[in-house]
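Once you've had a glance at the structure underneath, I'll fire off some questions.
The letters A, B, C, D, E and F name the chains in turn, as written, and every chain counts its residues from 1.
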């Protein structure tokens, strides 16, 4: 069933569906789209993944550079996330410097990984005070049909967990797998038709209101939260989606190596 | 973060380095009407944080492409002055500022009756003069007061505060020293009357129980700040808020 | 370039490092309709090159000052993804990308019936996912297929290929390893039916005879690629191109 | 008495006032607004001041960094001024890169200080050819009701003269006051209603024509001049405002430490 | 500046390194009509300074937001070519260029009858091809001639010159070598007929008496330059200025 | 005879002229404008030239800097071309960052020189791995009446071939001429009135279609080609202009030292 093109009509249509607890594509409120994860897809990256969630397709690639450690942390390496949502991925994404939306996307994905402590920065040290590995995670949207946040976060973890530190190419020892000790996973919820749904498609995003992104690690520890867009929510609403996130993050965690 | 474990930030009696208990916030001062040329303004001194917010408008939104037919646009800028931190900050927007400006605007849009001013713009300028920890919270709080001082109709006032974790203990409103050793930070923006949330971020590591404690501390912290906001507005407007 | 002369890239039987003879191109795969949200799209795998093109439009051109009264504007962007090369590429446009985007747009404008869509814009996005050598040629070829997949009327299809010189011998379609030691590169964009040229660049050193040989190799290389393009479009559109 | 909002009417109104040698706010032609100077106002700066002149409020903060001296001046430190007039300070100031007005403002304030020779660059040397102090002066407008030039220049001198070089924090010796040997002060004049007035408010600036900025040091030495905006002036007019500037700069000089 | 005191730039007879006395300016050449495609242009060679100014317009001002309802806008750009100085200059505007462009525009706006051309724009392009000292003065002078060459009505011609101080002695029109050791610089833009000032800057250290001397030198220097301007315009326009 | 100002009329007019094999200014199809080349015109450059072709006037200046060689080529110097077409050179050139046209112009001129191998990068080495000369070629348009490509390329070669490496100023040995072993020259062709002409003036560019730039070196070796703008051409058309380019490049080559 086609969704109306005008935002006001779309919003009304979504509200109508919500009355019967239905969604545009027939899914349940907390039902996610099928997730395909393929790793090793980028010939020039040291770790990579493609994630397909419905018509949303993203890539993640991990590259390494050698950096000089910061003076106050001489035995630490570095980690950087760059999220690119270029105009290839949808008519609504424009060329130019990163939009506020793309900046937020990159920063939220980055925090979920960084704050979980899954990367041991000390392990990236090559020579204290002199040389360390910098891990660069590039996430890249190819097709945006909604919920880029979760697609990016999933692709990022899948790419990191299969990445190999290219010691030989840089002439600093042997190649070895990047150690990633945990699996922080993200679940995102949009207010659509008045209530929160999981894994919104693009038309639900357009006709919806605020969104909440939850990153949970092992043992349900909370590593990152972010509320985006105009809108207010109650403590009860939050408790409900947090409950679902705990269960769904565990499922996603099992999908990656 | 484990490497910092031997620095003791809370003593055996649960007293923090600056004498507070776990649930206490830092001393807060609020003043409205501090920028003479602005339509509304406020100053929030929260611990050592010193934040100023100025509001201009509603005014015609231009260029036209930023206009919304059915409501006003909130044009929010959060900025740290170059002298606000120990290491000087180079002027110019950065990704952190942009993200904070965005989430602040989204929080305030939820309570401002923007639909009263179609096609117009309300400028909200947040300047951090001296930064400790929690500048984004102080900025949202200052902006709420400045909007009220400008006479912009709102459904509620937003107060923002962050709880966190240090030495494995959940405490309210980390100061700079605590933040340096902190293990988690949960800033929330809460509506004074309805208790609804319009702003939420978090990073670090919190178990489900710790998370609940941090949440509860934030919820409890806002009432006394709300009193200060109202007093500041009354003082600035000669007795009526 | 003489310093590289002792690296032997072609053996005494005229066989190249990857087993090809002088006039052979690398293995090519083409798929159409790979970006679900685009109006048209294509993927070209040419040797190790992996290039994706997406087409959006025709749509209203804005801002207005970019509109042409008598035709559509082709807004072409060629970009290399940060993970497409051994050394990571910093995101953002650079002079090389700008030049390739420009000459690609000019090549495609020649075959697209832009006069059917006055005042509108057709967006063509070319993303290099993995780069070997000859990414601009693969990009033009992919864009041709994506335009056709989007149903944009064209007078002809453009196929692009580059011949070059290595160890003093002219060969077709240099791969990365050959390109590192190459002495010349002649990329051309050729119309599949008319044989006319819409894209031409060259750098290096070619004698008049070598130049003619490289030209001829390019002219001969396009026919098999054209077949793959048609097959890809037929497959994507259920049997009709 | 409220000034008319339309520039043409404002200009006519100012011309009318000028006939009786009056001004919008009742001041005399060469009468300045009350000046409040407070130092030590910024907790994170090594020297700071707030200057209030009527409804114009500015801040100045001095920070220090360690720099490598330029090869051709191995025993010299550095001095840099950055003037920021962000949109907080008035509805007429917009976001974005510095406007030509803000650039001029910063450069004129900088030249007045630099060219007076009040900072001894050689004294900022830590280790010849290796390390020297760079003094960074940030002046920052909070509220612009006219004459930011003089407010900035005054705040700058007050901040510099109370600045302390943070040797201990950078582990290069003890803290010590920044030596500032002179007190260059700026006086600015706007053509309003046909004649020059001192210390114009914003509405006089809007309804006025060209302006002249004069920086005088000890013994009335001239250190910096700048004429801004469209307009011409005669030698006699200049002599008159220079006379006033000599007297007023001396008064201002006594207001700071 | 005291450190340079032992370099003697003026001998006991008051003769400067290039043979001039204190009040002399450098040799000056002026030509009009040097840029064939411009509406007006001029070249000023002032000592080793080589400056070119071109004028385009009046033309419609766009984008519209830069239009003035009651007059033309002067769009002035001062730029130093990359090869104009001993150390190459990276292309692109910088703060110094922006400030000089601004004060130059303001000086010229005073004499151009901009009110004759409402809503239009007059472009003035000043390019420093070779820089010695005093390029901003040479630029203003060249722009005056170029505006006249373009037939733009003006109330007066602006001539700009700078006096300075060296070895404690006030002299007119510092050259590069003197400027390196100079203690003050006072550039002024003076109307040829009225004697009024439209441009004034100064930096350095001048006592009240020294200041008066530098001022007087500038006032005296303009007459011979004015003669050269008129001659250049007559020559370019076949006998009439 | 004045050309019509409206592009459509201009195009028709040019087509009409082409029927009789005529051009706007009376030249033959493959006849170039008179070329004046003067070297040593820039007092602050180490090599320079001014080229005048009709009403097109350009400058080229060569400067030198000392660089650290790239790690993978420790005995190589560097070469960089910067083409500036500032608004001084025509009403159609606007201020701001380089336009796509100016970028293409600089890159095509650069490739013609670089790819001919006329500069021996090894000769620019001062101390292997430590110091080498970087040659910076700045080409600068003063007046654009068409065919900036050829004017730039000609000025570039004339400036390079008279450049002197300033060893003394940088204190690394004596001054010596920059060795330039070949003379790659560029010829440009525009499709005007349906057929290609050589050395188009600006109005022919406006009323024309695609253009082809050919850079030939000694012995007619091809060093650089570029087709620009919308349009298609046949192999026969290309062969014809290539024939002319061989002859004309030889003539131009004799005009420079």
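Methods note: contacts are C-beta pairs under 8 Å (C-beta built on N, C-alpha and C of every residue); 3 or more make two chains touch, one makes a residue touch a chain.
Values in this document were obtained by computation on a predicted structure and should not be read as measured data.
S.K.: Shortest hop count from chain B to chain F along touching chains?
M.R.: Steps on the shortest route: 3.
S.K.: What's the farthest chain from chain E if centres are computed as the mean of the Cα atoms?
M.R.: Centroid comparison gives A as the farthest chain from chain E.
S.K.: Let me spell it out: compute each chain's centre from its C-alpha atoms, then which one is farthest from chain F's centre?
M.R.: B
S.K.: List the centre-to-centre spacing of chain A and chain E in whole Å, with centres computed as mean CA coordinates.
M.R.: 58
S.K.: Using mean CA coordinates as chain centres, what's the chain B-chain C distance in Å?
M.R.: 52
S.K.: Could you grab the centroid distance between chain A and chain B? Build each centroid from C-alpha atoms only and quote it in angstrom.
M.R.: That gives a centre separation of 26 Å.
S.K.: Using the definition of touching given at the top, classify the network of chains in this structure as line, ring, star, complete or other.
M.R.: ring
S.K.: Let me make sure I follow the ring: beginning at chain D and going to chain E first, which chains come in turn?
M.R.: Traversing the ring with chain D first and chain E second gives D, E, F, C, A, B.
S.K.: What does chain C use to touch chain F in their complex?
M.R.: Listed in rising order, the residues of chain C that touch chain F are 1, 95-96, 98-99, 101-103, 106, 109-111, 184, 186, 191, 194-208, 211, 215, 219.
S.K.: Looking at the complex, which residues from chain A come into contact with chain B?
M.R.: For chain A paired with chain B, touching residues are 100, 103-104, 106-107, 111, 114-117, 210, 212, 217, 219-235, 238.
S.K.: Provide the residue numbers of chain D that touch chain B in the complex, in ascending order.
M.R.: Touching chain B from chain D are residues 42-45, 48, 55, 57, 59, 61-63, 65, 82, 84, 86-91, 95, 136, 138, 140, 142-145, 169, 202.
S.K.: Taking the complex as given, what residues does chain C use to touch chain A?
M.R.: Those residues of chain C that touch chain A are 35-38, 48, 50, 52, 54, 56, 59, 77, 79, 81-86, 88, 91, 123, 125, 127, 129-131.
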